[in-house]
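What follows is chain A paired twice: with chain B in the first complex and chain C in the second.
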Partner chain A sequence: MNNRGRILKDARQRSGVIREFAMLIILLVIVGVLSILSPKFAQFDNFINIFKQTAINGILATGMAMVILTGGFDLSVGSIVGLSGVVAALLAQGNYPIYVPVLAAILIGTIAGLFNGTLVSYFGIPAFVVTLGSQSIIRGLAYVVSGGRPVFGVCKAYENIAGGKLFGVIPYLVIYLFIIVLVVGFVLTKTIYGRRLYAVGGNEEAAKVSGINVKAMKMSAFMIAGLLSGVAGMLLTSRAISGSPQTGEGYELDAIAAVVIGGFSLSGGSGKWYGIIIGALILSVLGNGLDILGIKSFYQLILKGTIVILAVYLDVRSRRKISA
Partner chain B sequence: MSYVIDIKNTEKETIMKKTLTIILALVLVFALAACGQTKPAESPAGTETAGETPNFVFCISHMSNDWAITASDSMEAAAEAAGAKLTVNEAGKDISTQISQIESAINQKADCIIIEPVSADGVIPAVEQAVAAGIPVIIYNQNISDPSKATCFVGVSNEDLGYMEMKRACEDIGGKGNVAILTGPVGSEGEIGRSAGYKKALQEYPDVKVVYEDDGQWTTENGLKFAENWLQTGTEINAFVCQNDGMAMGCVKAVEDKNLQDSIKIYGLDAVKDALQAVKDGRLAITVSQATEDQSKAAIETAMKLFKGESVESEILAQGIIIDASNVDQYLK
Partner chain C sequence: MEKMALEMRGIVKRFAHNTVLDHVDLSIKAGEIHALMGENGAGKSTLMKILMGIYTKDCGEILVEGKPLQAANPKQALENGIAMIHQELNPVLDMSIAENIFIGRELHKGPMKIVDKESMLKEAGKLIKDVGLNISPKKTMRGLSVAQMQLVEIVKATSQNAKVIIMDEPTSALTEKEVKVLFKVIERLKSDGVAIIFISHKIEEVFAVSDRITVLRDGKHIGVLETKNATHDQLISMMVGREIKEIFPKVEVPIGDVALEVRDLCYCDKVCNVSFSVRKGEILGIAGLVGSGRSETASAVFGVLPKKCGEIYVNGKKVEIKSPRDAVKKKIAYVTEDRKVTGLNLIASVRENITIVSIKNLTKRFLLNKENEKKAADEYIAKMKVKTDSCEKQVLFLSGGNQQKVAISKWLLGDPEIIILDEPTRGIDVGAKRDIYLLMGELVKQGKAIIMISSEMPEIMGMSDRIVVLSDGKVSGEIERKDFDQERIMHMQFAQ
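Up next, the complex of A and B:
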């Protein structure tokens, strides 16, 4: 029994490694092909540009990964981006110190996550239904708060949050992404909390029996996703120097795509933190590369969908191998 | 009429009976309409006593952007100035909602229904119903696929707006050079018209080359992203021409980030507040106003004429206005 368990674990780890490898290889192949097709692609400037364009989706995907790890998912993150974005933009007109809009966005995101998490964990409503509902509620709030109009006129200091560059080279946006991913990576691999997240998604019953408060864990995952969506909303309005209540429509799907491509299983319990960034990078490298080649964005949609299906297929196949 | 109301009050429970009520009400309306069908415009005026407040209904497709809110605000202001009562119904971009709103306006015997359609085709059956019921219908801003079904169209031609914008861009870069284009969602009414206008203008300037063109979905974030990526290629771009101001503002940001504002001009359309400010600050070359206030005023004037039983033209177009540094102060309130 013990022996069989170990073999199973080994097999799972091995196939996991192959999967992560597969996605890294796919990323490198895409980068290679694009470098050959366009001399403008493989330039330091452009790589900075790509990381900048990865940041928002990367941050959203990081939060989404927490929820997916516990076996749920969150369709409301795009709406949270919209609401926290317009509220931050309204507070960033120069009337308040700069930390006010930032904290407001983070707070809104966290409260939204608390709302989702409570309904899923303590009221037993499926995550799909809860977050589908809150997607609509939060989007509605964004329209109400802004009166439906985009919010312009954010102050220079606020613009600088995402628009500034470290040493005039590395955009702050990229630095935020790396800090967030590294912190989450640390939490997932080095802390009890992280191990419990995996345990909850891997086998809920076993986790419960071993004394983990499964409900609280699930709720906290939604709160992290909400918090990071608030951060993303704030950064996006700083980057686009305007907040629109429509902002973030469909972003939840890009975030889920990045997480799935990055090797997380939608059934929960498996996935490595660095997979998130690989998944998000694959999406933005494709977008950037095809723009540079002057290929219409319609083709990006086709490629994106294909890669998502391919990634899940690899996941399903590796699972089947284990059970065989 | 009281019979219908009685049914409604006493037999609420079953859906069947509710449906029957609605059908009955519709039959009644149609019966009434059949009497006045020969002179649809006059029938409401005939039943009202002179000097009574006309009752107009404005069905707008959505209220989720700056333009839509300007449209609805200016419509309300124009109605108030004309001494008419105006009800605004917002459909949330959903065609079935808009159809039910038009149907209830028919039931309430509105004196005129002004429709900014969600869908160029989908709204037609409801328009036919209203006209058949003797209620004049004004299509506002975006025309329907068969304009003859409605009483008249009040709006502005997207093709003209696009033509004005692109022509100005071509002139400004000296009739020669490279332009990058950001369009609205491909296949949307606004995109089709504005792209046609772009094409018309570009035919007059064969030396202007379109080096990039993509669907920016009307959003600032997309404008920013495309402009960043295109500028990255090092291809010479003399002008960014965008089908709305939001995307143009994204281009402004990307161009300024690269410090290229002296060599690249950016063109927007819609004249939203932020774009007007950008024109004033010299960051945006021009924006084109679709004169929404004028359109609203014209729509209410037309509705008043119809209410009084006067005849109107089938197409009333407001003129687009190019706003540049020379006249921006007039529009920046």
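Up next, the complex of A and C:
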């Protein structure tokens, strides 16, 4: 067993290292190929643009990663984006101070996460069912609140939250993304809370016996996902200068895709924080590059789906190798 | 010359540069019960996986009834008369006994090949009656006990004309009574000319049931013993490669005040009014058959299961334990029965597993500190003699014994006063067992109180100062070390 274990471990370590770097390498290869194919791609402005396009999905993916770490997932984040965005737009007409719509969006997201987390943790309903249901409920609420119509008339100060640029160069959106990813990275690697998230996802039963409040951990992960979805909804409204109840449809899949491509295992307990940003970047670089090359967005959908399946297959295969 | 059911000659298996089987021989006569013994990592399972076609051999030959066999997968092995009853059974729980027996080769009738339920039920009924199962073949597997499922698996194998049946730790989840039934079935198979390869860690059982014993060590063939001429010591020394004079290194230490007292504990109908206490420096054994409520008692004390009623006193003071967190705060530790299911995070590293319970004590200004964690993990790796090349290795890749040592370390790091060990040596090799016994001695010397749950009679009698016997969720007896008597304990276990 010792011998066999060592070989397996070598193989695994090698495949682990490869897997961790694989996504970064793939990202660089895609960037390289696109740079050769189109001179318009490798421009400073375009890179800034790509980061900007990554921001919303990156923020959603960060929240999603917390839930996936504990072994769950959240299909309602796109709807939370819609509801919090609409509410923020309604409150950002200039009648209230600027922090009111911002806090309202964040609060709505957090409450939605609390709802999901409570049902999953304390009522024992599978995450798939809970978040599929709340996806519909929250989307419905977005339509009710807005009367089914987009909300215009957002004030200038609010518009500036996501629309502005630092030194006139780096969009605030990109800065928010990096702050959020770095904070979550810090939480995951440096705090007891982060360690316990991994422990819960790795083996829930063992975590419970070890004195970890598993239910509270899982619930908190959903709350963070909800909170960050609220932030994303608020930022989207600011960028679009309006809130539409339809905003965010299908975003949950992009978020899950980024997390999975970034090396997180859907069974929970493994994944590195920087994988989230790499996963999100791969998706937006592809989107951006194919746009520049003039390839229709229809094909991008097909490609995106294929990549997700491939990424999960890689994870499944590396697991199967170990257990063999 | 006697007819050989199975011969494996000069089997070599390498993984990359490591030779895990080095010219291993195994020959089984028809109608023989042949035990395959060796510590974890000796190569038993690799050898069996080669036989079943799960691994391919690098060298050597396999003959079944004199004909060469090269199975590429378990299905082909089965077609050639070799079947394996796995340690963990995987029946289709919501299908009937009959459907499980005929799974993949359903009896059918007519040109549309419609499943012939009638014949299947009739046939299955006959088969299971033969092994003494007097239940309807219509029953779903879900309703059966592990022992009954095992018998169904055996029936499935024999009904496919298996000539060699491999049984991997078949008794690990059975009660004493069920083991007897199983042995009867094995004897019957033997008289029908079926050869059995019996893999077990329980030496008593091997001596009780086998005709011959093949011993492997470190991937090498050490020897074959005729069971009736062999002794325990001889077998053990062949397995470990050294003499073990004292299997249970019991140390005598002064026994102090009561550390933990449990009064009238109830949980569902599995534990009824169970009371016991354990003192500082004492090892309290809890004996009982599977299903007697041993593990449920421990889980209810520790707050894993919600107790219905009962009081718990730590150092004479009444405490409320509603969750494992409360128990940890009261300096109680609980090494669970199944390290893979409730003990360890297999995909995490040795370091992360050892530190998870006491992570708070290893932080620096509220932040995780890898240096502190490494120091703590390495200390326990050395203390517990965990074989691993670094504390960053995933627990998944350690052998059973080393995993168990990690599962114990994670609790000891928190310096508990009361330690509950549920089957601390299940499925681990002799060397690791001894390390754990020695550790228990160390712990009681430091004045800790230990509760050990075990279903192995020699172990519990060898290590305990006092034994509480559970039967059917109730305390059926209590014995002091000086009065230990296997027969008496056995009787208490079966008490109603």
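FYI, the second predicted complex is superposed on the first by the 309 of 324 C-alpha atoms of A that agree within 3 Å, B and C clash if a C-alpha of one lies under 4 Å from a C-alpha of the other, contacts with A are read in each partner's own complex, and residues count from 1 in each chain.
By our rule, a residue touches a chain if its C-beta (ideal position, glycine included) is under 8 Å from a C-beta of that chain, and two chains touch if they have at least 3 such contacts.
Keep in mind the model is a prediction, meaning the values are calculated, not measured.
Student: Can A:G263 be said to touch chain B (first), chain C (second), both, or neither?
Tutor: Once the two structures are laid over each other on A, A:G263 reaches no partner at all.
Student: Going by the contact rule set out at the top, does A:P101 touch chain B (first), chain C (second), both, or neither?
Tutor: In the superposition, A:P101 touches no partner, neither chain B nor chain C.
Student: Would you check which partner chain A:S242 touches, where first means chain B only, second means chain C only, and both and neither mean what they say?
Tutor: Touch partner of A:S242: chain B, not chain C.
Student: May I ask you to decide whether A:G202 touches chain B, chain C, both, or neither, giving the answer as first, second, both or neither?
Tutor: After superposing on A, A:G202 lies in contact with chain C but is clear of chain B.
Student: Between chain B and chain C, whom does A:I192 touch in the aligned arrangement: first, second, both, or neither?
Tutor: In the superposition, A:I192 contacts chain C only.
Student: Is A:G58 contacted by the first partner chain B, the second partner chain C, both or neither?
Tutor: In the superposition, A:G58 contacts neither chain B nor chain C.
Student: Just chain B (first), just chain C (second), both, or neither: which does A:G294 touch?
Tutor: In the superposition, A:G294 touches chain B alone.
Student: Quick check on the superposed pair: does A:G113 touch chain B, chain C, both, or neither? Answer first, second, both or neither.
Tutor: The answer is neither, since A:G113 touches no partner chain.
Student: For chain A, give the residues common to its interface with chain B and its interface with chain C.
Tutor: Chain A residues touching both partners: none found.
Student: Give the list of chain A residues in touch with chain B in this complex.
Tutor: Listed in rising order, the residues are 38, 40, 43, 45-46, 49, 52-53, 143, 147-150, 152-153, 163, 236, 239-242, 244-247, 287-288, 291-292, 294, 296-298.
Student: Could you list, by residue number, the parts of chain C that touch chain A in their complex?
Tutor: Listed in rising order, the residues are 15-20, 40-41, 46, 219, 302, 304, 323-325, 327-328, 334, 336, 341-348, 352, 356-357, 359-360, 363, 366-368, 387, 389, 393-394, 396-399, 410.
Student: Taking the touch rule as given, give the residues of chain A at its contact with chain C in the complex, in rising order.
Tutor: Those in contact with chain C are residues 1-10, 12, 189-192, 194-196, 198-199, 202-203, 205-213, 269-270, 322.
Student: With touch defined as at the start, can you tell me which chain B residues reach chain A in the complex?
Tutor: 63-66, 68-69, 211-215, 219-221, 224-226, 228-230, 232-234, 246, 249-250, 253, 257, 272-274, 277
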